[in-house]
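Given below, in the form of structure tokens, are the structures.
The same chain A turns up in both complexes below, where it pairs with chain B and then with chain C.
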Partner chain A sequence: MTAQAGGPVPGLPAEAHAGSRGAALGRLWPFGPAAAVLLFLFFIPLAIVFVYSFWTVQNLQLIPTWTLQNYLKFFQTDTYIRTFLKTIIMAVLVTAAGIGMAFPFAYFLARYVSTRWQRVLLLAVIIPFWSSYLVRVYAWQAILGEKGALNWLLMQVGLISEPLTIFLYNDVGVFIVLTYVYFPFAALSLYSSLEKFDFTQLTAAQDLGATPLRAMRRILLPQVRPGFITAMIFVFIPIIGEYLTPTLVGGTKGVLIGNLIVNFYRGGAFPAMAAASFIIAAFIILLLVLFRRYLQLDDVVTKL
Partner chain B sequence: MAKPMDRLETMPVSRRSRATRNAFRAWSLVVFAFLYVPIAFLVLFSFEDSRTPGLPFTGFTLDWYTSLPENSQLIGAVANSIVIAIIVAAVATLVGTMAAFPLVRGGIRWPNAARVAFTMPIMLPGILIGVGLVVFLAGTLDIQLSQLTVIAGHLVLTMPFVILIVAARLQGFDRRLEWAAADLGAGPATVIRRIVLPLIAPAILAAALISITLSIDEFVVTFFTVGSQLTLPIYIYTQIKFGVTPEVNAVATLVMVGTILALGLITLVATRGRRAGRAVVRRVRGGR
Partner chain C sequence: MPDDLPAIELVHATKRYGDTVALDDVSMRIAPGEFYCLLGPSGCGKTTTLNLIGGFVPLTSGELRIEGQQVNDLPPHKRNVNTVFQNYALFPHMSVARNVAFGLEMDGVKGPEVERRVDEYLELVGLLALKDRLPQQLSGGQQQRVALARALVKRPAVLLLDEPLGALDLKLRKQMQVELARIHRQVRTTFVFVTHDQGEALSMATRIAVMDAGRIAQEGTPQEIYYQPADRFVADFIGESNFVAGRPSQGTDGPVLELASGERVALPAATASLATGEEATVMVRPECVDVGLEPPPGPGWAVIRGRAIGVSFLGDLTRVTVVTAAGEVVASRPHAERSRAAALGSLLDEEVSVWWSTAESIVIRQG
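Up next is the complex of A and B:
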């Protein structure tokens, strides 16, 4: 059994005869189709968007002029820049609200609930998340709409005599619905961090004289920081590109940058659309690069 | 499973800690109310008699459901969505599962860069993928928008999930099982078929089901890449834009029930699969 130096040993694991170029290729080919999908349906399209953002359009014809005009126009037009800033502010507020709601909840789940019930309650959070996004947005019509539950309740209590229209078709409605839609992301990210935390450390800190708040700040928070950052990224980034929620519950007043992009698209202003798209892409990529260390995508995805 | 410390730790030791715990519990109730009250009202209004759904509740009816099968537009949209989802899930699962192997087991020069590249479509908002695809496919390549372009768009979105899920499963894979099988004379194909695939099957199935759910639900990318066809979300969207009607509530309720059933199936398959996976391990390890 020792006289087989040289040729590949039948049935030995790949590592055993790796190193030769053929073996490396043999292990690499399964990657090909996925790489092709990614290249042709993601990276090349985005590269073309980038190129178009420097072109201009005349009579619905794209002209390769190489100009910064589209970007300049975006930053000089009042409504565009205001919509962009509003989108960022909205994303910040929703992220804060989502995490603010999710942290006590995830903490409760991880600390006070038995493992078995943790799984049940987590599933109860995920179920609405997996039910159609569109339906979840639409569901708020039943609460916030003119004939919705909120107006009915307020009228029953006697606070108002006529149904109010202030809950829908403005930024408040967009804020509420976005918080609703992205809450499960925040809850899942925070929970996967808290789940790993050993809560006896808090007791230990308090035994050593720390107040509960101090123990939280000094012991718990540093250890669950990755969860916070994952939650922030998972809530903040998709909101930057939100289109559906502002369209359905924001009306004309609750417009975000996603609506702007679709409007450019509908109006045939492809270079403007490309520039706006690239501005948010660049913004998001910058954030991802800054926080890349904390990204625990696997954690969240495998929990879904 | 429970460590002895668990009980001790969760036992309220003082009045104050009991109060804290009750506050947390109350907050969780608020959270669940927030999550489920809108859905409850959505469902309730689908049974409402009046043409404009809302409170006060005027009467109970099943009309909005019974009339749905006659709605050919809706049925067409549903059929479209299902066909697209099945194709997307099949391709994404196959291509994604294949890619997960070199990603986890080496062979790629920059595995981290590849990982980042693959998670990009998840991290960037769907609207950018939609814009990119419509510009590239319809603008540059001059391809007619159709179900095919929708499938292309959904593929970009679902494949990364498949890769991540299967890769996570492969990460914890005991390679010794494969080596043992190879030692006993199994060829690479047999090892894959008899050892590897059964063990990662739950992940593959979960990934396929998640791809189906994502595809059926996807709005923004579909919105950009769809031509004159309707998918279910596009249909619901146009209906909502048209006005809030009980029919939309009925459709939405059915969609909700459908996805929850699918989720139940995923969980069931995943746990069953895990058990089956363990059985394989037991057989391999326990057998002679």
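Up next is the complex of A and C:
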């Protein structure tokens, strides 16, 4: 497809590639609105926050001091570090659980379900997006609470005699709800990868002497790796910044780093807030660089 | 059949999917080194048979033996058979060489032995130079060869081929037919080949099983199948056929077939035993039929009068369609000289005779 490089691009008017700067700018104008949004609503606020992260606060006044104190304090404070680590562990566990459930689902869907029913089931996965995130998380309060549906069910079945309080306002609740919220992202990413896979290859691998498990590992997994990476990116990264779910179902025990940042903000500690935000951002960028190096992010980008 | 152990043996094999019978009490023996063709229309049970041998579907009842061993319950990865799939099912993330090496690695073959055998079989299919390419960088015909090498490199007792030429264009298909026959002669492995293309079956197979509705309609060499079809289905499916129906009776010069019009068509002498008065059908191949204004004199010819309603010039031959009292009869005549084509062309709309040597008539069962 690159044979045309340098030559006229078919389908474009001749002036469009005449090479003059004006013509090139003329072609770029559709990017304008998006670029403006990105600049004013993302890069500039980000720059402001970045600057804040080196300032200090005295008597609720921001003072431009240019210090690394805010960053140092984050790493020297036990609670902050613990919350950050807990957030990472939570993100890892939810990603693992989400993919662990989404893979069998997507595999079954892509391999054994007729195209018609595939659409129906995918729709069922997407439908939750049509309702508000907030409403869905509130619904989980009603399910996981002391007088919630889950306890009622367990008591009806006779597994417990007293309602349990272990599901809500702690890390368990956060884990359950986050897994629920991010399952569709994992399922859709994996499905889009699996759907393109030719399953006769697994038959061929077995025909050539591979056990079903080995066929899966040697033939299927390498080819759906982009789907896994997409799933990981779509689940892991947003969870690092999760705020709403821990607020609503985490209580005081289920706090994640996002809640910490909000607390800084509410307490007027803008520099601490800014520093914590940039520590998270740096961590995520580091992860993406690693992904890019070892897991071919290019594939992911083209798959998206 | 030779006496040694058959490579494949099906004994009263039946496969049902719910209420549908895909394979209905089929028995077959395939000798080592055969190029055995399962031929039939879609849904006849040929692919089911292949899948049974490959181990991809279980038998409902009956027995399957590979080299004398009952393998009914053996999973695919433990069977000494390998398959060339219809869509090739090459592994797109592996080079040609890695594709071919895959089966050997699964068998625990290690080191230089793998490379040696991969090279040997890529050489066999003529793709050694492309060993480092990825499958999607190859043409359809080349992918087909990789699939062949990948299956053969394990030196299976039997190679299964599931309509492997179906995806190729006509010219390539003809080339691959020659190529497959060569490879078969070279490796001497038993080939079991599934196709719905009679030309493929006739040109490559040492033996053909024509299948219909889950049963074997006829089994035999290509020539037997072509010249002595067991029933009307086989005659119809393989090549082109003229059917002439009537009642056998005794004529002055031997047995004849009496048409509804009262015309009498000579039958081969050997068919004297046909029950007189009962409906019978005679089949004759178009290339055995001649056509002209007057039939040749003398006995030994089956002759029917009719009108030539179609003459198609096809280059190497001309097809003349004649309406007779027994229905349409097609004569397919080669042109040894070009004047012959013109002579045949002039027959259109004429009252003509079609005739053939009675030796070419085959009395067949109604199938």
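Operating definition for what follows: the second predicted complex is superposed on the first by the 273 of 304 C-alpha atoms of A that agree within 3 Å, B and C clash if a C-alpha of one lies under 4 Å from a C-alpha of the other, contacts with A are read in each partner's own complex, and residues count from 1 in each chain.
Convention: a contact is a pair of C-beta atoms (placed from the backbone, for glycine too) under 8 Å apart; a residue touches a chain by one contact, two chains touch by 3 or more.
This structure is a prediction, so every number in the text was calculated from the model and none was measured.
Enquirer: For A:Q223, is the partner it touches chain B (first), chain C (second), both, or none of the two (neither)?
Expert: Once the two structures are laid over each other on A, A:Q223 reaches chain C alone.
Enquirer: Just checking: does A:L248 make contact with chain B only, chain C only, both, or neither of them? Give me first, second, both or neither.
Expert: First partner only.
Enquirer: Contact-wise, after the overlay, does A:Q201 reach chain B, chain C, both or neither (first, second, both, neither)?
Expert: In the superposed model, A:Q201 contacts chain C only, not chain B.
Enquirer: Name the contact category of A:T211: first (chain B only), second (chain C only), both, or neither.
Expert: Only chain C is touched by A:T211; chain B is not.
Enquirer: Residues of chain A touched by chain B versus by chain C: which partner has the larger set?
Expert: For chain A, the partner with the higher number of touched residues is B.
Enquirer: One more residue to check, A:P238. First (chain B), second (chain C), both or neither?
Expert: first
Enquirer: Residue by residue on chain A, keep only those touching chain B in one complex and chain C in the other, then list them.
Expert: Dual-contact residues (chain A): 200, 203.
Enquirer: If you look only at chain C, which of its residues touch chain A in the complex?
Expert: 54, 56, 75-78, 81-83, 85, 87, 89-93, 102-103, 106-107, 150-151, 154
Enquirer: Please output the residues of chain B touching chain A within their complex, sorted ascending.
Expert: That would be residues 1-2, 5-6, 9-10, 21, 24-25, 27-28, 31-32, 34-39, 41-42, 44-45, 52-56, 94-96, 98-99, 101-103, 105-108, 114, 116-129, 131-137, 139-140, 152-153, 155-156, 159, 161, 163-165, 167-168, 175, 178-179, 182-183, 185-188, 210, 213, 216-217, 219-220, 223-224, 233, 236-237, 240-241, 244, 248-249, 252, 255-256, 259-260, 262-263, 267 of chain B.
Enquirer: In the complex of these two chains, what residues of chain A are touching chain C?
Expert: The contact residues of chain A facing chain C are 198, 200-201, 203-212, 214, 218-219, 222-223.
Enquirer: Would you tell me which residues of chain A are touching chain B in their complex?
Expert: Listed in rising order, the residues are 10-14, 24, 27-28, 30-31, 33-35, 37-38, 41-46, 48-49, 52, 62, 101-102, 104-105, 107-109, 111-112, 114-115, 121, 123-128, 130-136, 138-143, 145-149, 151-152, 180, 183, 187, 199-200, 203, 233, 237-238, 240-244, 248, 258, 261-262, 265, 270, 273-274, 277, 280-281, 284, 288, 292, 297-298, 301-302, 304.
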